[in-house]
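The two complexes that follow have chain A in common; it is paired with chain B in the first and with chain C in the second.
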Partner chain A sequence: MTDYPFLMELWAARGAILNGLGLTVAVSLLAIVLGSILGLFVGIGLTYGGGMVRFALRCYTELIRGTPVFVLILACFYILPVTGIQTTAFQAGLIGLLLFCGSHVGEIVRGALQAIPRGQSEAGKAIGLSFSQNFVYVLMPQALRQILPTWVNAATEIVKASTLLSVIGVTELLLATQQVISRTFIGMPFYLFAGAIYFAINFAIEQLGRYAERKVSLP
Partner chain B sequence: MTAPSFLSPRLRMALTIAAALGSLVATSVGATAQETKSKLDAVLARGTLIVGTGSTNPPWHFKGANDELQGFDIDIARIVAKGLFDDAGKVQFVQQSSDARIPNLTTDKVDMTCQFMTVTASRAQQVAFTIPYYREGVGLLLPIKGKYKNYADLKAAGDAITVAVLQNVYAEEMVHAALPQAKVDQYDSVDLMYQAVNSGRAEAAATDQSSINWLIVQTPGRYVSAGYSWDPQTYACAVKRGDQEWLNFVNTALHEAMTGVEFDTYAASFKKWFGVELAPPATGFPVEFK
Partner chain C sequence: MTHPEASVATTAAAPALLRIQDLHKAFQTVEVLKGVDVTLARGDVVTIIGSSGSGKTTLLRCVNLLEEFQRGRIEIDGQAIGYREQGGRRVPCTGAEVARHRALTGMAFQQFNLFPHLTALRNVTLGLIKVRKLARDEAVAIAEKWLDRVGMLERRNHYPGQLSGGQQQRVAIARAVAMTPRLMLFDEVTSALDPELVNEVLSVVQGLAQDGMTMLLVTHEMRFAYEVSDRIIFMNQGRIEEEGPPADLFNQPKSLRLKEFLKTIKI
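After this line comes the complex of A and B, so read on.
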């Protein structure tokens, strides 16, 4: 051992930690993108859907938002296989995260759409726009400005929730770090290092969000 | 004593609920499909053995510097794979936390679990244990250059010594079972506990005998074991209940690793992880009936 055992071990474990980081980024990115697409449709359904659609979507969002993500991930891991859907731990975790993301984004979209004054869509109708034209050109651009800040918040939540995948055996950044700690017995520095990486990821997401907000803000 | 896993109580409850829901669905779905074949046939047909194990507890199951799973549990799983396919490499490891050992068996995520699992009668109601492949106990780690050389020295020292131990509700009780008068200092993590011994803050550390042996293997010439261990616990692999043929097969593979044709593989692994040379089993009259 030299004077800097942590730096030595960090260098020795760079492959394992980079693999973990890669998995964390991959699963978070996929969950955010797919979950946001799902959430967009959920939000539209909650706002404009008929009674049955609204009831079904309400059940989905209430159920998911009312249970811990942790339980959701375990449920995807243990319950999907016995219903005949065979998944890897990564897939099960991804499904859990994207369902979580979808329910939150769904509520964000619904809130943003309902916050737009009625007169806007009425004005759209009055000049002869179809529903989809009205939605794309009148409502969505206004809703987007409302959605962005809370959506960025939801995205950072997903990155943080991805640590829970370590429990079902996905070697993401946290589990990769724990594996290195168990071998080297250097606890605190490695945990701090992992924490710094999570912070860097979320800080980057927030900066990206700010940039997007400036782009879409009205002059 | 298994290592305390993080999130333990919450995790255990959630896992139990998830597994219970899972098996509920399984019974309703699988009620029509009659299972006639043993897991043994299914594993042979698949061509790989799926084994549940952990990845954060040396020397049992952990990632080496090369990021590959290794350890005594891993070697035990490979012995079973060799028995199945004549190829120790045909095994796929599913990483799981300690709390997932039983749920992952009952929901068929894995064919068997080899993860320093302590045999208890209550666990045996949920899964079927194989024959044991190791007996764990608590031992005492001493610095090689220290004042006390063995267990007798420590015991004679009475309350003049301090023993470092991993934080635990039963820590005091556990140490006092062997050293009734010793002072007990509890530490948050394994590295702090070893640090206490290195710095002389404690005269000895009480921890799993296997961890002590592994530390001595890793850093030769720095520590010795006090040569006394207590609180015995049996480690065995486990399979899902209700498949005697599969259980018999795994038992046979393990049995022959400890007494028969695969003894050299087992002994080499034992030496590698615990630094202990095993005497070959006696020939002639079967060792089991002595």
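After this line comes the complex of A and C, so read on.
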């Protein structure tokens, strides 16, 4: 192994890199789950809300989607403490990512709900389903099938965007890798290694998404 | 095939199943219904005919509260639906009340509107389980009975995408009648079908009529309307122009509009 300094250093740094990977997975997963829940409500509000609700949500989605994620994360890190909300770097980064995720998922949900033919909700009403029953049993199952491919795409974007948390000092996979590089001076192999791991995570997400799409596809 | 006793029933003491009084409906500034009165006794089969834009589909959709209406009153079994009087003012009913009112009627749509993510069977059981609160077994038994009735039992596990238009419409009718509505509304149920599929649907509707189900239909199938209806209503520009037994209306139309309308269609 002494002939392969990279492998040696990788083995030596395995703890740090695994910790980084753990943080990347944790922050991405939390941002995707919480952001999707937020996005679901945003989408419902955009579709069925009154004028004021829709206006407020529209401001949120337009503002967030028109801002680079990097700026959003920096804003959460620097601005939240000023407003009296004390957060760790991890929490600030997570808030940034989930706001980003929520705005995208919100638009996806709105689009999917509006794409369902009006006759579907009318048929639900005609058999006496209440608004919430109609939503849960008729509209959402159809919307979810439409949402799935774009939602998987949004999820991979979050994993990639999580690298930006390195800038505010969250030792996720990228920052952990960079710290190892600054100690070992072996740059390229470690960067390639980190890149391969990000690719593997997103590849897995996409495969999972395809599997789910096949599972729920309709004849 | 008229039933003379039916017209007696509507005027005599038997309480009306459906009573529409002075119904007015406007989309923004366009008045679509301009004071419509319709009364159906239990077991009546009444067909509304008229050129497109005459307000017939809108009338049906008002009865199922899929459209709001600005004036007038709709009663089913003596109960006003959609709106109630409160301190001398007309107030829309709450969502839950409207859902209850809607369950009094069943509706079959021109575009079938089956739920594409559910099998034929589950399309029918959904309302039975969620609205009528039946146990799953009971719901399945009722659904299978009705699917059998419309000749779709064998395909109960098919999804709508695997069924022809006529088959989808038959399932949609089963879905509506399985809820045991007091009144069935049929809105141009054969208009979206290929000609060779029309009859399978019409015979299902005819069977239900013979069973004594109260029905209000909108259709362009004049021969069918003639055969199945106790009464025909001819609508023109948001008003009822003429009303009576099919034989009278088709053979001795009184109004000029109806004469013109009958000239443009084939019977």
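The criterion applied here is as follows: the second predicted complex is superposed on the first by the 217 of 219 C-alpha atoms of A that agree within 3 Å, B and C clash if a C-alpha of one lies under 4 Å from a C-alpha of the other, contacts with A are read in each partner's own complex, and residues count from 1 in each chain.
Going forward, contacts are C-beta pairs under 8 Å (C-beta built on N, C-alpha and C of every residue); 3 or more make two chains touch, one makes a residue touch a chain.
Model, not experiment: these values are computed from the prediction.
*Asks:* Based on the superposed arrangement, let me know which partner A:8 touches: chain B (first), chain C (second), both, or neither?
*Replies:* neither
*Asks:* Residues of chain A touched by chain B versus by chain C: which partner has the larger set?
*Replies:* Larger number of chain A residues touched: B.
*Asks:* Looking at A:75, would you say it contacts chain B, chain C, both, or neither? Reply first, second, both or neither.
*Replies:* The first partner, chain B, only.
*Asks:* So, does A:175 touch the first partner chain B, the second partner chain C, both, or neither?
*Replies:* The answer is first: A:175 touches chain B but not chain C.
*Asks:* Touching A:197 in the superposition: chain B (first), chain C (second), both, neither?
*Replies:* A:197 contacts neither chain B nor chain C.
*Asks:* Applying the document's definition of touch, where does A:186 land relative to chain B and chain C: first, second, both, or neither?
*Replies:* Touch status of A:186: first partner only.
*Asks:* Considering only touches as defined above, state whether A:26 meets chain B (first), chain C (second), both or neither.
*Replies:* neither
*Asks:* If I apply the document's touch criterion, which positions on chain A are contacted by chain B in one structure and by chain C in the other?
*Replies:* Common interface on chain A, chain B vs chain C: nothing in common.
*Asks:* What residues of chain B sit close enough to touch chain A in their complex?
*Replies:* Chain B residues touching chain A: 7, 10-11, 14-15, 17-19, 21-23, 25-26, 29-30, 55-58, 62-65, 67, 94-97, 100, 103, 107-109, 189-191, 194.
*Asks:* Tell me, which parts of chain A touch chain B in their complex?
*Replies:* 12-13, 15-16, 19, 70-71, 74-75, 77-79, 81-84, 89, 167-169, 171, 175, 178-183, 185-187
*Asks:* What does chain C use to touch chain A in their complex?
*Replies:* 64-66, 95-96, 99-100, 102-103, 105-107, 109, 111, 113-117, 126-127, 130-131, 158-159, 161-162, 172, 175-176, 179
*Asks:* For chain A, which residues count as touching chain C in their complex?
*Replies:* Residue positions touching the partner: 117, 119-120, 122-131, 133, 137-138, 141-142, 145, 218-219.
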